[in-house]
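Attaching a single structure in structure tokens format; questions to follow.
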Amino acid sequence: MTLIVKTITRLTVGLILIYGIYIVLRGHISPGGGFAGGVIIALSFIHLILAFGKEEVTRKIDESRGVFFASLGALIFLLVANAGFKGLRLAEHKGHFKVFAAGLIPLYDIVISVLVGAGLYVIFLALALLLEKREEK
Amino acid sequence: MSLYFLCFTLFCVGLYCVLRKRNIIKIIIGLAIIEYAVNLFLVLIGYRTHGRAPIFAEDQVISNMVDPLPQAMVLTTIVIGLAVIAVAVSLAIRIYEKYGTFDITKIRRLKG
Amino acid sequence: MKIILPYFITFPLLAAFLIALLSRKSKIAGELISNLFTFGLLISSWDLVKRVYLYKIIVYKIGGWLPPAGISLVADGFSVFMLLIVNLIAFLVMVYSIRYMQRYTDKWKFYSLFMLMLTGMNGIILSGDLFTIYVFLELASIAGYALVAFGIEPQDLEASFKYAIMGSLASIFILLGIGLLYSYTSTLNLADISWVLAEKPQGFLIGFVSVLFLAGFGLKAALVPFHAWLPDAHSCAPSPVSATLSGVFIKTLGIYALSRIFFNVLGVSGKVLFVFMILGILSMVIGALLAIAQNDIKRMFAYSSISQVGYIIFAFGLGTPLAILGGLFHLFNHAIFKPLLFLNAGSIEYSTGNRRLDKLGGLNSKLPFTGAMSLLGSMSISGIPPFGGFWSKLIIIIAAIQSGYIGMAAVAGLTSILTLAYYLKFQTFAFLGKIDEGCKEAKEVPLSMKFSMLILTAVCVFAGLMLLPEFRSFLQSAADVLVSGTAYKEAVFGMIQ
Amino acid sequence: MELHILLLFMIIASLVAVEAKDLISSVIALSAVGLGLCLSFLILKAPNLAITQLVVEILCVIILIRATINNDLPVVKDGRWLFNTISTFLFIGCFLMLAYFALKELPLFGNPTMRVSSEYISGGLKKTGSTNLVTAIALNFRSLDALTEAAILFAAIIGVLSITRRTGKTHEE
């Protein structure tokens, strides 16, 4: 991509990432939540791939590390959910409009966002690699 | 009622696309349209005239909320739609790689 | 006592996530974890069978929320019947795949996807909530699409794409039906829907919802107008996957969900039963006729699955207690011998690298064990007297005669003869006669693969004993749930309060 | 009224997506449908879904455009084209007619029964502590659905990875 795209990407990617984290953390207060925030986090990485090409980005996070994060997120989600199934309650009644309120819900949101962010990044990476291989032929 | 019917019309446009188009990507687009129509239908059935969004606010008592349960359902179905589309697109790209075409009539090794 | 119910969902999920997590570190994590966990699930489902025998019905409230608001898991006779079959087949298939899957790359993906598919099936069986059934159905289906394409040959991809499109269309029809039903009854719990429907008039809407469900679940069960995807998908998948798909997958996603919703929730009327019967007869005959012409072993078995599923749906359509018992018994038998036959086909492919009947022959001298197992399996499926398949078909035919459908009973009997014909063809071309040039180097399969086939054959041979009064309660309690119809709601709510 | 206009816009955009001659235009028309859906979620008081739909839409369009770029679209008609189209239209017509009669029996638009949902609205904040009721239902009352949803996404990840492997079998027969 051209220099303009790269410079603007450098400026905006951090903002997109922070916006994603904001959406994740306020999922139980305002619209948003783990899934939407996770997709935004994944989109910020995809943005990097689109602007800088995949070599720059995959040096830092490659496919197997993405799978590792996705399965870690899923595993913690499962453990939290298992506690929730048994009726675990964590002070649901106080501090309704704070970030750390609402029992297990913020925890759920955070682990879902890890799963979704890493997972969608891996999906995009797999498809992009496949397409580049085809164009080489 | 008329909104429900328009929503079903959107569903049928997608259905027509899946049933009649030959191009694999077009079929996936048709599936996406059907997903959208069903999601919209689920939210429509939960709407309440002059209702409020199902989010509480500080120092206000809100009683006329729209039905939150279909919205929670749609949250799940959007993810399912994304998963199906991701799998279908990866299959489509692989098929293009092996057969060199997106035309479904030319992709016929299985018969009988 | 109720606490083990959610483990049928969380354990396979845990296995799937762990396999993916450990895939970088260890090469054998997939085999080890999946075998251990499926064995554990088999043991606990046997335990659950005994508990349900004592308590009749077990309800688990997820998160402690009362059912119309929260989700409940329900285990009754029918659920544990399916649960035991599904987990038995899953365990045996996992043992089989240790050696079979060695030819494939990235095996951990196979094991992870398989455990996700198992989660989906267990979830459908245990769920007492309509929308949860849909979500688990999608989980099982998406894992299924990926597993069918696991070999990534061109044909596999084509079959998987066809299956993905048809399967998603079916799911969307089901979701639309759920939306309409939700708008009408304003609840999602199965027992609660049944309550509300009992108080409201049964109008045109319920008919429309029934059509949507019938199309959706019928597509998943591959009943005849909707069967086009099945032969491709089941013949292209790796053999352990075909065994699971044909043996339990279409029964859980199709027949179990269909009969649970129609018998226990919406309530069956004469019209619905008649449609079941017609679909059953059509599937039975057309599946058998198409199977005869096949040259590919797995394709023949796949068409045979359509035909046998037709028997089950036909029996459910008769609606008498005897017919439902016969249908469930046939479901059990088919869930045993069809995986057995697919595993046999997998063994043939493993040893000879081929599954076309015209290139096989005389395998009895090279693969005596597989030959014997497949002979017993073929005899059972085509209804030779001492085996289970004979008794279940006999019960279905007797029930049809009792209900006065003599013509249809005759068709069912004739189809059984057709079944015998194509299994004779399979035996003659593959195992008897002169040995083919291509199969000279064939060797007998390894021990783990023999083990799975041996267990399945043993169950298959002794399945007829299930009709004896001592062992009958397992089958009878499953049939009772379907016969009792919409009394399901009282049973569930009685357990909650 | 604005919903009617939005829905008509979505139907027209979807017709464009179905009938467009090249794939890029039809993907872009699809994204227009998705945007219309997002706006109608906002009008229907579902801001949660509007956000989710918007970001998912962006991702879908990126994936689809990456898949379709540099690819041709063959327009083929075979002998039975007319017959097939007529039968499809007949099927869709029957479906719509049946749906019309079935929809008449639903509660009127704007008046949901809310048998179970009233329970969530009255007690949801106290029981779960979450201000956002949709999140409360999705992650607390019906957390099994959320778990399965995560599993579905996981299945899609592993599925895409397994489909995009370079080779399926270790040695060729």
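Descriptive notes on the structure:
A, B, C and D label the chains in the order they appear, each numbered from 1.
FYI, a contact is a pair of C-beta atoms (placed from the backbone, for glycine too) under 8 Å apart; a residue touches a chain by one contact, two chains touch by 3 or more.
As the structure is a prediction and not an experimental result, all values here were calculated from the model.
The chains in contact with chain B and with chain D alike are A, C.
Comparing the centres of all chains, each the average of its CA atoms, the largest separation from chain A belongs to C. Contact tally for C-D versus B-C: the pair with more C-beta pairs in contact is C-D.
In whole angstrom, the spacing between the mean C-alpha positions of chain B and chain C is 28. One inter-chain figure worth recording: chain A and chain D are separated by 21 Å, centre to centre, where each centre is the mean of the chain's CA atoms. Averaged Cα coordinates give chain A a centre that lies 36 Å from the centre of chain C. Shown for chain B are the residues that touch two or more other chains, namely 45, 53, 55-56, 69, 73, 75-76, 79-80, 83-84, 86-87, 89-94, 96. Touching two or more other chains at once are residues 47-48, 52, 56, 59, 63, 67, 99, 104, 106, 112, 114, 116-117, 120, 125, 131-132, 134, 138, 140, 142-149, 151-156, 159-161, 163-164 of chain D.
Listed for chain A are residues 30-31, 33, 35, 67, 70-71, 74, 78, 81, 84-85, 96-97, 123, 126-127, 130-131, each touching two or more other chains. Remark: chain B residues 1-10, 12-17, 19-23, 25-26, 28-30, 32-33, 36, 39-40, 43-49, 51-57, 63, 65-69, 71-76, 78-87, 89-94, 96, 101-103, 105 touch chain D in the complex.
Chain D makes touch with chain A in their complex at residues 47-48, 50-52, 55-56, 58-59, 62-63, 66-67, 70, 125-132, 134-136, 138-140, 143-144, 146-147, 149-151, 153-154, 156-157, 160-161, 164.
By the touch criterion given at the top, residues 30-31, 33, 35, 96-97, 123, 126-127, 130-131, 134 of chain A touch chain B in their complex.
Taken together, the chain B residues at the contact with chain C in this complex read 11, 18, 24, 27, 31, 34-35, 38, 41-42, 45, 69-70, 73, 76-77, 80, 83-84, 87-88, 91-92, 94-95, 98-99, 107-110, 112. Touching chain A in their complex are the following residues of chain B: 53, 55-56, 58, 75, 79, 86, 89-90, 93-94, 96-97.
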